[in-house]
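In the two complexes that follow, subunit A is the common piece, with subunit B as its partner first and subunit C second.
== the complex of A and B ==
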């Protein structure tokens, strides 16, 4: 476990120095960090608790809309609106989970798509609340401690903080009682109950934490974009990308979602610039290769192999 | 001795099929109750009703005098019921230590203490040297012992064992019987569903025989297996 904290400290240090080294590539890095954070937050529910959601765009949207509508229509500072979004996201996740955790496996996943779609329609149609289909512009933002929240540098450090917080939360969970309850529920709910675990409570906690963290990233995303549109931000594609990032990297691992973000955002960027038209094709092939040859993800597969090999060696000698 | 587990008139029906019909039992603390009967007799259903995985239509269940009939399975675990599953259900992605740790966390929320408890239990069932092995790779006898370790790590007062002996080779069977016997020395009450007569005769203080959902006879193990009704239930009429 110590090893993970060293990696974490090293990565945060690299992250802090990055804008000095590559000032021209800040936007890509911000996108990467946001996806790393979202995928890590998604993974608390999807990987550690084993409940695959394809509705996490709802939480991104919730966070983004709280910030955007808060500043544009009600003059609420983004830190307050993000705080409100966190509470709202946790409450939403609670109700959402209460409603859908009776469903198992793919049926739960389908229900998340349906509920996310409801939020997209609300965002498009309830113009008085959300600005409707045209979206919301963030024209002005307060300047805490003289920081310009519109600047790429500040956006970058916000995204870095977001990614770091989510990874840290998962690191803390992974060794805790809660972390083991999550894994037990994922593996076998009946056996978990025989160990005194209430699966519904555990899944609800995971969903609330996952949703709140995702909304935090959504709020930062809104500041980064400074213009949000319901079609994009509540869209199924965003939910799929978040889930895919975690799945490709390795579900239920500390670093899997971050590696997934590096691969998906990084390769997406490289392919777009070098292969132009063929970029989606290569992107698709890449996903196929990982899913077929590394079903547990890029981090999950070797980690598992390593554990078993180390044990087999010791058992022999 | 006070009653550890008591059930009054348990009836479980699935649709029109009555799987358990008006079964009552009473186990004293520190004793072993054996539950036998041919396949389809309703043993496992009764077992699941007592542990909370099936809700009985009628009847009441008491643990140390407190009614638990309506408690969900995880609440029953919290008030002192431990159980194994007939087909073992290890958390396959986790190591042996982590498997037991999940259960140990119930009474010891701190990681260090829970780990200590889990390790002690693994030691007891003889799996301590394999603590960091993934549960996926275990053979049958060790899967059984892991199943037992998980049930013990919740520190139950009444332990339910569902066909723990089935399929074990003779030395492993002897070991398991010896192990279960030692558990009652610590005042643990045990209810076991079992097909292996050797285990039932050696271990049980009292045996209940079920057939077609009902109790056909009960008593001391030696007496029960010689009862003509029991022989008929197993072998059929001639």
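== the complex of A and C ==
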């Protein structure tokens, strides 16, 4: 476990120095960090608790809309609206989970799509609340400590903080009692129940944490874009991107979602000119290859191999 | 005063569009019944059918219904091939693996269409596009009527194949009890390929039938159709063909009625709400038998 914290500290250090080294590539890095954070947050529910959600765009949208509508229509400072969004996201996840956690496997996944689609339709049609189909512009933002929230540098550090917080949360979870409960529920709900775990409570906690962290990223995303559209931010494809990033990297691993984000955002940049708007082609091909040939993901497979070798050696020695 | 004419008009439109939904749902439910996989690319197969009709129309000037002659066999072959090459590798894997692989397949199909045809919506102009058939005060759009008719023919054909041929008996046996089917000498791997082929052929047919009615767009609409197919099948109970037809008709009527009597902004939401309610209250479907869950 110690080595994970060393890697984490090293990566954060690299992250802090990055804008000095590559000041021209900040937007790509922001996208990368946001996806890494979202995929890690998704993984708390999808990987550690084993409940594959294809509705996480709802939480991105919730966070983004709280910030955008808060500043544009009600003059609420973004940090307050992000706080409100976190609470709202946790509440939403609680209700959502209460409603749908009795569904198993693919049925749960289908229900998340349906609920997320309903939120998208609400965001498009309820103009009095959300600004409607045209979206919301963020024209002015307050300047805390003289920082310009519109500048790429500040956006970058916000995204870095978001990614670092989510990874840190998952690192803390992975060795906590809660983390073991999550894995127990994922592997076998009945066995988990037999050992005194309430699966619904554990899954609800995971969903609330996952939803709140995703909404945090959504708020930062809104500041980064300074213009949000319901078609994009609540869209099924965003949910799919978040989920696939984590699954390709490796579900239920600490670094899997980050590796997935690096691979996908990176290859998206490289093929940007070749495929233009058809960038989801890469997701499609990668997920097929990964699920068929490396079911545990790009990080998960080698990690499993290493762990098995360690145990084999121990058994021999 | 209740307006019976517009009610009947809405009802007939709902039933006719519901017939096409049923056609899409039947393919999905057949595949689920036999292979126990949830095919996420089903809606994109529908879109493939649409583009097939668009392509044949722009190159050769064929009527969409004529292009069925090419689209259906092609859909069947592609489906069978996809099953043999890709999905057959996943038979032992957990159920969500097939969901993820077909989701990937959906993205690949959508984006290849986007690269080939571009993002702008495409459609086919037919001479009978605006003609209607009147029955008393209720008038039927010719396109919808033809779509409903084609759906009925295809579903009747499928029914005959499933219930009155040796192949159909083998398919039903595989769906009922895989091991039992193998014991009496049915090649279930071959049946699976055939069934996936039939499922894709049905989806492609629905796409061709829909093209005079709707625009084909490469990436967005596939997911919508997949979702509708799920709504249809879950309404009826996954794996049950008769119920999928009823589910399709119900979805069509709910959508059209909701759009005209409540608000059309939420047209797509009505089906989804019904879907969620059924998933939560009667997960085995409206017409499904209650099974003891293990």
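Things to note:
Just so it is clear, the second predicted complex is superposed on the first by the 299 of 317 C-alpha atoms of A that agree within 3 Å, B and C clash if a C-alpha of one lies under 4 Å from a C-alpha of the other, contacts with A are read in each partner's own complex, and residues count from 1 in each chain.
Basically, a residue touches a chain if its C-beta (ideal position, glycine included) is under 8 Å from a C-beta of that chain, and two chains touch if they have at least 3 such contacts.
On a predicted model such as this, the values are computed, not experimentally measured, just so you know.
Of the two partner chains placed around the shared chain by superposition, subunit C is the only one that A:52 touches, whereas subunit B remains out of contact. Look at A:75: by the touch rule set out above, it reaches neither subunit B nor subunit C.
With both structures placed on the common chain, the touch criterion links A:107 to subunit C but leaves subunit B unconnected. In the overlay built on the shared chain, the residue A:311 is in contact with subunit B alone; subunit C does not reach it. In the overlay built on the shared chain, the residue A:193 is in contact with subunit B alone; subunit C does not reach it. Look at A:283: by the touch rule set out above, it reaches subunit C but stays clear of subunit B. One of subunit B and subunit C touches more residues of subunit A, and that partner is C. By the touch criterion defined above, A:181 reaches subunit B but does not reach subunit C. In the complex of the two chains, the subunit C residues touching subunit A come out as 38, 86, 89-90, 93, 95-97, 99-101, 103-108, 110-112, 114-115, 119, 219, 223, 227, 230-231, 234, 265-266, 268-269, 272-273, 275-276, 279-280, 283. Contacts from subunit A toward subunit C in the complex involve residues 52, 99-100, 102-103, 105-107, 109-111, 113-115, 117-118, 121, 124-125, 236-237, 240, 244, 247, 275-281, 283-288, 291-292, 295. Subunit B meets subunit A in the complex at residues 51-53, 72-75, 77-78, 82-83, 85, 89-95, 98, 101-103, 105-106, 109, 111, 114, 130, 132-134, 137, 150-151, 153-154.
Put simply, subunit A touches subunit B in their complex at residues 175-177, 180-181, 183-184, 187-188, 190-199, 252, 304, 307-308, 311, 315.
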